[in-house]
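Several structures are given next for inspection.
After this come two complexes, each holding subunit A, first together with subunit B and then together with subunit C.
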Partner chain A sequence: MANNTTHTTEYRVLARVLLVLMFLTFLTISVTSYHLAAFGVTVALLIAGTKGFLVLTYFMHLKYESLLLRILVSMVFVLYAVIILITFIDYAYR
Partner chain B sequence: MTEKATHIEAHADDEAKKLGMWLFIFTELLLFGGLFLVYSVFRAKYPANFHEGSLELSVTIGAINTIVLLVSSMTIAMSLTAIQKNNRKLAMTLISVTLFLATVFLFNKVFEWGAKFEHGLYPGSKLMPMLERGDLLYFSLYFFMTGLHALHIIVGMVLLTICLFKVKSGNVNSKKYIHLENGALYWHLVDLIWIFLFPLLYLIT
Partner chain C sequence: MDQTKQEPYVSYLEHKGKYTGIRSWIFTLDHKRIGLLYMYAIMVLFFVGAIMGLLMRIELLKPGETIMKPQTYNGLFTVHGIIMIFMVVIPGLSVVFGNFFLPILIGAKDVAFPKLNRFSWWVYIAGCILAILSQFLKNGPPDTGWSFYAPYSTTTGTNVIMATFAAFVLGFSSILTGLNFIVTIHQMRAPGMKFMNMPLFSWAIYATAWTQLLATPIVGITLLMLIAERLFGIGFFNPNLGGDPVLFQHLFWIYSHPAVYIMILPALGVITEIIPTFCQKKIYGYKAIAFSSLAIAGVGFLVWGHHMFTSGMSNQARWFFSLLTFLVAVPSAIKVFNWLATMYKGSIDLKPPFLYALSFIFLFTIGGTTGLLLGSVATNVQVHDTAFVVAHFHYIIFGGMGFAFFGAIHYWLPKMYGRMYNFKRATIAWAIIFVGFNLLYFPQFILGIEGVPRRYFDYLPQFQPLEVISSVGGFILITGLIMMVYNLVQGARKGEIAPANPWHGSTLEWQIPSPPSLENFDEAPVVKSNPYDYE
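After this line comes the complex of A and B, so read on.
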């Protein structure tokens, strides 16, 4: 049956993910309030990245999707990283 | 045609629908990605102005809206679990809760923008061109990015309302729930974008 391939994420898993996401939100607010300058934005982006990863993995259930889809999604982020890199190289050396 | 063959066909179709939704999500990610790119270039150029600009925003309202969106993202994910478990009533309740939270988010946004408007700070106002270049860029990006995001919230609400009626009519059920799945994916995208918007616009050190 085709239904066997679709995965049902349990309520408690989703609730746990939400708790972690809320904790990370709290963490990012308290960390940035310490005025760590350049260090602050790195930490904020790392935390946002972790939160984004959790949303993609559990809420958007990529964890249970086909390898093809997971590779496609990863490629979008790789592409975006390359675009950022090229733009900043352009700005740094013009 | 045998029953098995039609079933496989229907399943393949759902997979294609989901892939199509993801391809659309990619374009949305790159749309906001472009804005984040503009933001990071100008932030690197005018760090002091961007910091001052962010102090004008209320971290409390931003944090409340972050929590509201995170919870709504969970409730819509749970509604999919509910429909998969054939619990229609719970699924409808959870979609309604999501829609309610979306309204709370927009209400906060109106309140937040309203305070800026009162101070004469809005796109096209007399005050905006008199600001320093860095401040002007910060507030223009703030209004454009949160505005485009709010537009996505409204579109998401329309999609989820359609899903709600489809669940009610039985069009979306425990065997066929691709519409709700795709609607939920769109809603998670809106949440995903806000996860990056919040620290970048509100928490600049």
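After this line comes the complex of A and C, so read on.
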């Protein structure tokens, strides 16, 4: 495996990301006490999405990877978004 | 390649590593040995599944009870389906020939993660054992069909949990293999092996690997949801608990339609290797074939609803899925036209691998066009859940993927074992298989259009003639299969020593000795051009 340049992230950055993640977890739990009805799911998904983004970017080093790799990973999310959207062509009109 | 070496040549089969005997196989890290291990397991499972199919065909020789009770039949078609789909064809070509030949084709000495590869193989075997256990535990084999449709699968008393868990484990193996192949293709190519210089089989494996990686987690989650519903009464799917059974179908087919591309893409790739070799001609439309693999994999993700036209989906969704299903036929047809154009004015050599490739095109085309019939909503309503569907998918999976698998063995066996099989026997076996196959499945198109439902152990008396023809075809088919395997085993063990390049192929695997050495290449090959350079 040839061209693997390794990048070491500063501990300080990682620690900060960890704090943000913990805060977001706390937020996920606390928003359940407000009754947001259908928006509850949206809010939970948004928070979870942000957390996933942070983990991928910092903990999984995507920030320091090649553009190709970043495009490939984002395509995956586009694909899942499209699949969910299509499923709703059924649910929205049924 | 290099005949002036000092030390005697040692092939991967004779290589002495840390372990000896059976342990040198179970603990091997060599992608070629792992490929063979998968092949042996798959052949055994294939015959177990085929015998179950034959038992069903015996039951259907006459109306009413012939040799088994209805519940036995339900178990048989379920287990037959689970074995054939999850253990034979989904891993199929990609784990056997992908493992063995992908690294060689791109000039690498192994896959990117050999230990992960070995682990995938162990997980695969664990999954197979679990699935086989589910047949013998006390509640009886699952009777849901291989698709595990809810809500029935949430309530039946049979061993559904064990069977779905087995499918979950098998899926894990598939994900890891896909990941391994993607990284292999990105990182391990020999100097000069640009993406556009890769043999087309590698392109097919690449597209397949992405599908494995992205689609399989969905079925994993779905099966876990089903297990959770059964164990804890969480209402995902059962309407009595507030769930939605159509949701199960969505989730299941979001995986299982791409899964048919996991099966068929490597098959298309193998055919694309065989055809230029036996026509001694440059492949026509290299780029079109490479990108059509990606297009099939991509659009294949968006058509799953064509399995659910009659399940109470919204009309808008039916319209959408029908349209996209027609679109996905385009890249498949591109490949067929490219193959035909390659053959045109080639110096065609009707050796056994090429016979399998030709019959593949024939059967795949029948399977594909009947698929369009199923993809159009109006005709689907007529033939849904009838024997027509059974005929259609056997033409695609067995006539397509199965024949490509047999073609691939006949093509690559001299490279894998360094020996050759008997051509005459191979040709006769091929002819028997081809006739038996069509006799077995073609009548089921007619039966289906006449309204005979699938997954029934019984039928009305007026359908008996066609049912009998179909069953007779089954016996002819299995005779040919036994003959083919016998011939291959004989060839691999005692056949004549094969030259390094018996078919005058142009891709990298033919430039190294047969069987290959442990590290495939003495020194990393340098590639300068497109692989299909015939004069």
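Here is the rule we use: the second predicted complex is superposed on the first by the 88 of 94 C-alpha atoms of A that agree within 3 Å, B and C clash if a C-alpha of one lies under 4 Å from a C-alpha of the other, contacts with A are read in each partner's own complex, and residues count from 1 in each chain.
Assume a contact is a pair of C-beta atoms (placed from the backbone, for glycine too) under 8 Å apart; a residue touches a chain by one contact, two chains touch by 3 or more.
Just so you know, these numbers come straight off a predicted model, no measurement behind them.
After overlaying the two complexes on the shared chain, residue contacts for A:F59 are found with subunit B alone; subunit C is out of touch. Of the two partner chains placed by superposition, only subunit C is touched by A:I86; subunit B is not.
Contact with both subunit B and subunit C is seen for A:V76 once the two complexes are overlaid on the shared chain.
With both complexes placed on chain A, subunit A has more residues touched by B than by the other of subunit B and subunit C.
When the two complexes are overlaid on their common chain A, residue A:Y11 makes contact with subunit B while staying clear of subunit C. When the shared chain is aligned, subunit C comes close enough to touch A:R94, but subunit B does not. In the superposition on chain A, contact is made by A:G40 with subunit B only, not with subunit C. By the touch criterion stated above, A:A48 is placed in contact with subunit B alone, subunit C being left untouched.
1-2, 76, 79, 83, 87, 91 are the residues of subunit A that lie in the contact sets of both subunit B and subunit C, per the superposition on chain A. Touching subunit B in their complex are the following residues of subunit A: 1-3, 6, 8-11, 14-15, 17-18, 21-22, 25, 28-29, 32, 34-37, 40-41, 44-45, 47-48, 51-52, 55-56, 58-61, 69, 72-73, 76, 79-80, 83-84, 87-88, 91. Looking at the complex, you find that subunit C touches subunit A at residues 112, 187-188, 214, 246, 250, 254, 301-302, 305, 312-317, 320. Those residues of subunit A that touch subunit C in the complex are listed here as 1-2, 76, 79, 82-83, 86-87, 89-94. Across the complex, subunit B meets subunit A through its residues 7-8, 10-11, 18-19, 22, 26, 29-30, 33, 37, 40-41, 44, 59, 63, 66-67, 70-71, 73-74, 77-78, 80-81, 84-85, 175, 184-185, 188, 191-192, 195-196, 198-200, 203-205.
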